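See structure below.
For clarity, chains are labelled A, B, C and D in written order, and residue numbers in each chain start from 1.
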């Protein structure tokens, strides 16, 4: 009996909450939030609330074209591959309480790994489209990957270092005990947000899909439902990355100071706090998109290796110093 | 990556108009560039021969939508010289005012487009929003936002009413403030500087060799400006400075354009404050005495040149247009080499290209795309003559 | 040279609370200046049949056809106006000797049926030749 | 009204295509995307690739050299697709009627759904054209 309940619960987690259905709507909402803020900062009105949903439905209903020269198998399987990758990652991130649906020691590495899948999917998508622009985009995607991934990993592993655990839920429960540690992680937070912008391939780090240079990069040949899945994947990736950063650096669904009350209200409150914190991260990402110009791919690499990586090493050294002095035992 | 050739255009998000660049790249670096013009070759010069001078004002206005006042003024000036008409002072002032407002709107447009090419959409949105101020003024004075249709042979068609002056001064003040803000912003923002500084380098001697004109030449430290060298309209009575920059790159072109906008605002203010009274146009006949004339005009993009030949009828015998962008193309191809793929749109945009002005040659693609045949000026001319013989002029000759 | 990062930040942030610059056009009225050149309107009763408008039109938007004499000595005319060819330059209104053409401010001319662009009218008038004159202001 | 139709009306993505005209209509189409009339409130986004577009916005008369390209771009756009002709040139070749290298309006090469006359049409007129196209779509 309890096994069946467990299986049903797992299906529920995977498909409804916090899995597919929640991510679908929250991802679309985040796109709306991003676009609306972007428009407001440009003194415009911006899209209506249902806009991302309308885009998604419309794309599903459009004609599906596979270019004659493209590798048909790869071309069609890659979007699903990327989509499945990001969807799995949510299960390890705490959303309404300090522990996630699934967790084990080292799930942080698994999540970080799952979040790199879309970049590779994008590379394959671009490469197998056999369009010149998409191939340039594909090569740039991978080039950029080597730039931002190292500082992003470093920044995300910094909390793990200071908390002494490699599980996201573990880090979060440690944070609840000692919230003052987060002050030490401000530098890592900034690095994580900047490299996240590069990971999501948005301005100023959108060289792989630069609209005015290579006409949209890897996705130039994609139409219809495959494009819809890719776009949804980007939105969900943004949500999950924001959630990860929230969990690692902002205390996830925990409200400081904690409000006493029944468990149910605590969960609900935690969920609301989680939403607000992720929206704050999305707001930071939108702000960056608004006020910067695109940098070239070589300048991006220079920036990552010249600034972000040294800074994240400085952060590491600081944390090691703090730990060895025994201030946080 | 091996050496590949990237086609940029004719439909490309960076280019709002049809043109095709075949850029050979080695990895991300450009080694060579080739250019196919004339996707928008229409045959205007030939068509002009079958339209009256009055109709031709509206035809040449539509050579280019951004610098439409340039083309009409340049044409009309030439015809006026042929006819020996003295344009009333007030007409010249209004003509100059519209020209300077056009320069402001064109440069703001360029700033926005350059921002768009480097992914800085916010700058794009802000500059185009503020450009609406200039367009509002133009709509108020002339009745249309683009293709103003204010010039006519012998003067201008619309007067400036007393009530308009305040609003013009008000909007000019606002524009000045905004231009100052963009200058400060664009010349200090690191992400812009990263993309603009040292990119598209065009040294002075090369710019002279390629006969660059306008802001492109002035950013390479060549002090050339028709408004100073050969003053037309009301420029002789205006006090303004010739802006040059010695940085020879895209940043220099940006700064030159920004400073020019400030100068234009200054000029517009002078024009409004010293607007003489009197008629705005001189009476004119429809017949133009035989003769030929060359007319020069400083467009927002550089020197524009018209040659008009008349044989004493209602119709011009020959009309030749050398638009400013045409003079700048060789400089673009030169300054593309050695930079990155990412710089292509910006370097092309830096001369403020206007493809519709430049189409002189048509390149015929065969169906399989392997063979190219260049149709040059002579071919097009004979082709045009043959075409008109077959199809008729389309205009009733009187 | 001074270098800053994100120098547009304050401006962009301020705009979050600023009033939008957008005119919600189909739902809000658009302000047009009084000189705005829109669709042409004809006062056929004033027309003197000189056909200057047809001659001066740069884009063949106006066709005026002579359809023979009527009993009372007036000439019958058929005027065909092609909105889709018109440049809205206003040269016809300027050239017109009898002020039978004016430019309205109507600009919402989009149609999906091309035939709706052709506006025809027939009228009869006496032909009176008149000298061309230069008009001051439009 | 079914969901798909609703979505189509609410999210027309635009491909900007100059087929050989002057710049006037181009900049007015872009001006329609700008803060003053901001067509993103109707869900309109400017797309770079023909593969992503629903609505081709053409400006200018069709020149001889551009015709094959226009047809090719039209074929690249996935179904359902719509074409808007912006400006008098795109409707009938306008002032360029009789140029030896001009074939005529856009409808000489590809089918057109909505014509927006004007030289150039005001951004508001372009918005009006889009609204008329969407209304037509709604009623079909």
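Please note the rule applied: a residue touches a chain if its C-beta (ideal position, glycine included) is under 8 Å from a C-beta of that chain, and two chains touch if they have at least 3 such contacts.
Because the structure is predicted, anything quoted here is derived from the model rather than measured.
Trainee: If you average all the Cα positions, which chain's own average lands nearest?
Mentor: D
Trainee: Between chain A and chain D, what distance separates the C-alpha centroids? Give it in angstrom.
Mentor: 36
Trainee: Please compute the C-alpha centroid of chain C, do the same for chain D, then give the distance between them in whole Å.
Mentor: Once rounded, the distance between the two centres reads 22 Å.
Trainee: In whole angstrom, what separates the CA-based centres of chain B and chain C?
Mentor: The mean C-alpha positions of chain B and chain C differ by 26 Å.
Trainee: Using mean CA coordinates as chain centres, what's the gap between chain A and chain C in Å?
Mentor: Spacing between the chain centres: roughly 54 Å.
Trainee: What parts of chain A, by residue number, touch at least two of the other chains?
Mentor: Only 41-45, 211-212, 215-216, 290-292 qualify.
Trainee: For chain D, jot down the residues that touch at least 2 other chains.
Mentor: Within chain D, the residues that touch at least two other chains are 34-36, 38, 41, 47-49, 94-95, 97, 119, 122.
Trainee: Which residue numbers or ranges of chain C touch two or more of the other chains?
Mentor: Counting only residues that touch two or more other chains, chain C contributes 6-8, 12, 20-22, 24, 58-60, 87-89.
Trainee: Drawing the touching chains as a network, do you get a line, a ring, a star, a complete graph or other?
Mentor: Topology of the interface graph: complete, with all chain pairs in contact.
Trainee: Any idea which chain C residues touch chain B in the complex?
Mentor: Touching chain B: residues 1-8, 11-12, 21, 32-33, 35-37, 55-60, 87-91, 94, 103, 134, 136-138 of chain C.
Trainee: Quick check: in the complex, which residue numbers of chain C touch chain D?
Mentor: Residue positions touching the partner: 20-26, 30, 58-60, 82-89, 107-112, 114, 117.
Trainee: Considering the complex alone, what residue numbers of chain C touch chain A?
Mentor: Counting only chain C, the residues touching chain A are 6-9, 12-13, 15-16, 18, 20-22, 24.
Trainee: Which residues of chain D touch chain A in the complex?
Mentor: 3-4, 6-8, 10-11, 13, 34-35, 38, 40-41, 43, 47-49, 51-52, 54, 78-80
Trainee: Touching chain B in the complex: which residues of chain D?
Mentor: Residues in contact with chain B: 15-28, 30-31, 34-36, 46-50, 60-61, 63-66, 68-69, 73, 89, 94-102, 119-120, 122.
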